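In what follows, a structure is listed as structure tokens, so that the remarks can point back to it.
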Amino acid sequence: MSGKRKKIIAVIGAGQPSPEEANTAEEVGRELARQGATLICGGLGGIMEAACRGASSEGGLTIGILPGDNAKMANPYVQVPIVTGMGYARNVVVVKSAQAVIAVGGSYGTLSEIAHALQNNIPVIGLNTWSLSKNSKQDNSIILADNPIDAVAKALNLAEKQLPIE
Amino acid sequence: MSGKRKKIIAVIGAGQPSPEEANTAEEVGRELARQGATLICGGLGGIMEAACRGASSEGGLTIGILPGDNAKMANPYVQVPIVTGMGYARNVVVVKSAQAVIAVGGSYGTLSEIAHALQNNIPVIGLNTWSLSKNSKQDNSIILADNPIDAVAKALNLAEKQLPIE
Amino acid sequence: MSGKRKKIIAVIGAGQPSPEEANTAEEVGRELARQGATLICGGLGGIMEAACRGASSEGGLTIGILPGDNAKMANPYVQVPIVTGMGYARNVVVVKSAQAVIAVGGSYGTLSEIAHALQNNIPVIGLNTWSLSKNSKQDNSIILADNPIDAVAKALNLAEKQLPIE
Amino acid sequence: MSGKRKKIIAVIGAGQPSPEEANTAEEVGRELARQGATLICGGLGGIMEAACRGASSEGGLTIGILPGDNAKMANPYVQVPIVTGMGYARNVVVVKSAQAVIAVGGSYGTLSEIAHALQNNIPVIGLNTWSLSKNSKQDNSIILADNPIDAVAKALNLAEKQLPIE
């Protein structure tokens, strides 16, 4: 039965993105839905709303993991609002529930999600997002993508390897 | 758009219920699905699995809010496993994401969910579950139901009043 | 070295207690400090503040596990404010950090803490707090105390058995 | 009364640091204690243990915010173990409870803590830790320190500005 579960891909990014970033996220959402994946995100505005709008327009399922106490805070394209009341600790839940993460731009909240994902060995695909280095040594853990279609293809391919073996 | 969201009802109860309690939970799940509601639960076995099995058999959507670090721990009838890694703090998320809660039997974990729900003004419908009193005064906040059909009817009626006004 | 750690006892109860309950909590705090125990609580007003005031007046250490985002919300007798930003999910942290819990009166938040403690096999001593029953069968897990001195004696005795064996 | 609260400084870094990093963390801990600050950390080994050992050797107070379910997991120099059972979501609590954060080296867990701190406008002082950039633009939010004494001086100076105004 769990073999029938859909892949779940997280889309993360800023609440106040540039118009280009929002377009990118919307196309990511559309492509995820076309490929039959479920979208999970932080449930609020900006990148999260754009991705949910894209997924909804193609009939995909959208899950929003909300930081606050009320489902009303979810963007209108979230079909299943999960109310945590846990503030930014909910970032951990967004990435741990996914088999791969696509980061579009983003600020420190997005960076925390990237870090939590990498800490949990969940692959992160980046579209114009953070670059990391330590002691002048570049960290190449974030997998770069050229465009939304490429990002979704990479995410779904890597997600395959994360799924529980039956 | 959020006006189109389905009602979300939590079903809570023990991981090791009696056969009668499991049958009750399965019928609660079936009836929730027949009435078009989404089922949310703690994602593990016992009452949670029975309710998800019932809902799945009628084509309903099932969400499991898991305490551990791995979606593999979800029962096979959970369609959307949410991985919190937060242990029993996830109990708060189960009830806050619902507009009403149905408790079937249950041990201390269930009691903590009942308490978190009542603290958040989320209605709790009980089927052979905990009774509460303080200083010899009975607390009647848990709404008693006669059977699964009655419990679901009461939950959906009370959930109506919890939904965000558009 | 950890053999030198002090016992940590949680005091839980309502934010808006009766004057009698507040006096009881203050005396519990005083006695905990006299006996050399550290007090942990939810960090806010009412029972939490009364207990911290009592403990502080006898030179005891007080820890407040705050639900919100700001240490300013702590009552003035909290010496170490822990800022969780996790809302009532912090109730789990209050009880799990203690080797025993003393409940004074209390509403649903207190009930959730009692339930989380019992679920984790952490002893709960009650002073005019909740009574629990299931299917008409009384649950006697909450240990009744006659007065603050008795409650602290019972808590410290039971805490002894919870401490890690070195 | 809260005017008498000590400053709380978080020390974050890897569980398996290099010997040089551990020495650095121990000196940070010593200096924090000498300056009268309370040390908060994730409570486990490596950088966390080295910092607590340093603080303890100078009579400072040490708080460990543990990810697991048991105080036994705390390093022996943690005086107050806080048991969250929330896994890496506890990283949020470590930084939110501090008025400034000192990062020594570190892996992805440390990066998540840096990100959560910056998201909450809590200053981060770095000793050979992560560097951040986005879209080829360097992010200079992490304040570089030359050595442990410099790091503590900067942390305490910035913490001053974070304290609640009475």
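Chains: A, B, C and D, in written order; residue numbering restarts at 1 for each.
As a working rule, a residue touches a chain if its C-beta (ideal position, glycine included) is under 8 Å from a C-beta of that chain, and two chains touch if they have at least 3 such contacts.
A quick note: this is a predicted structure, and the numbers were derived from the prediction, not measured.
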{"item": "Least step count from chain A to chain C, where 1 means the two chains touch", "value": "1"}
{"item": "Reference chain A; chain at largest CA-centroid distance", "value": "C"}
{"item": "Same or different contact residues where chain D meets its copy chain A, judged by the half mark", "value": "same"}
{"item": "Intercentroid distance (Cα basis), chain C paired with chain B, Å", "value": "29"}
{"item": "Of all residues in chain A, the ones touching two or more other chains", "value": "69, 84-89, 92-93, 120"}
{"item": "Pairwise touch network: line, ring, star, complete, or other", "value": "complete"}
{"item": "Contact footprint of chain D on chain B as seen in their complex", "value": "69, 84-89"}
{"item": "Interfacial residue positions of chain A with respect to chain D in the complex", "value": "86-89, 92-93, 105-109, 111-112, 114-116, 118-120, 128-136"}
{"item": "Complex contacts: residues of chain D adjacent to chain C", "value": "1-2, 5-6, 8, 38, 56, 61, 63, 65, 69-72, 74, 76-86, 89, 92-93, 96-97, 120, 164"}
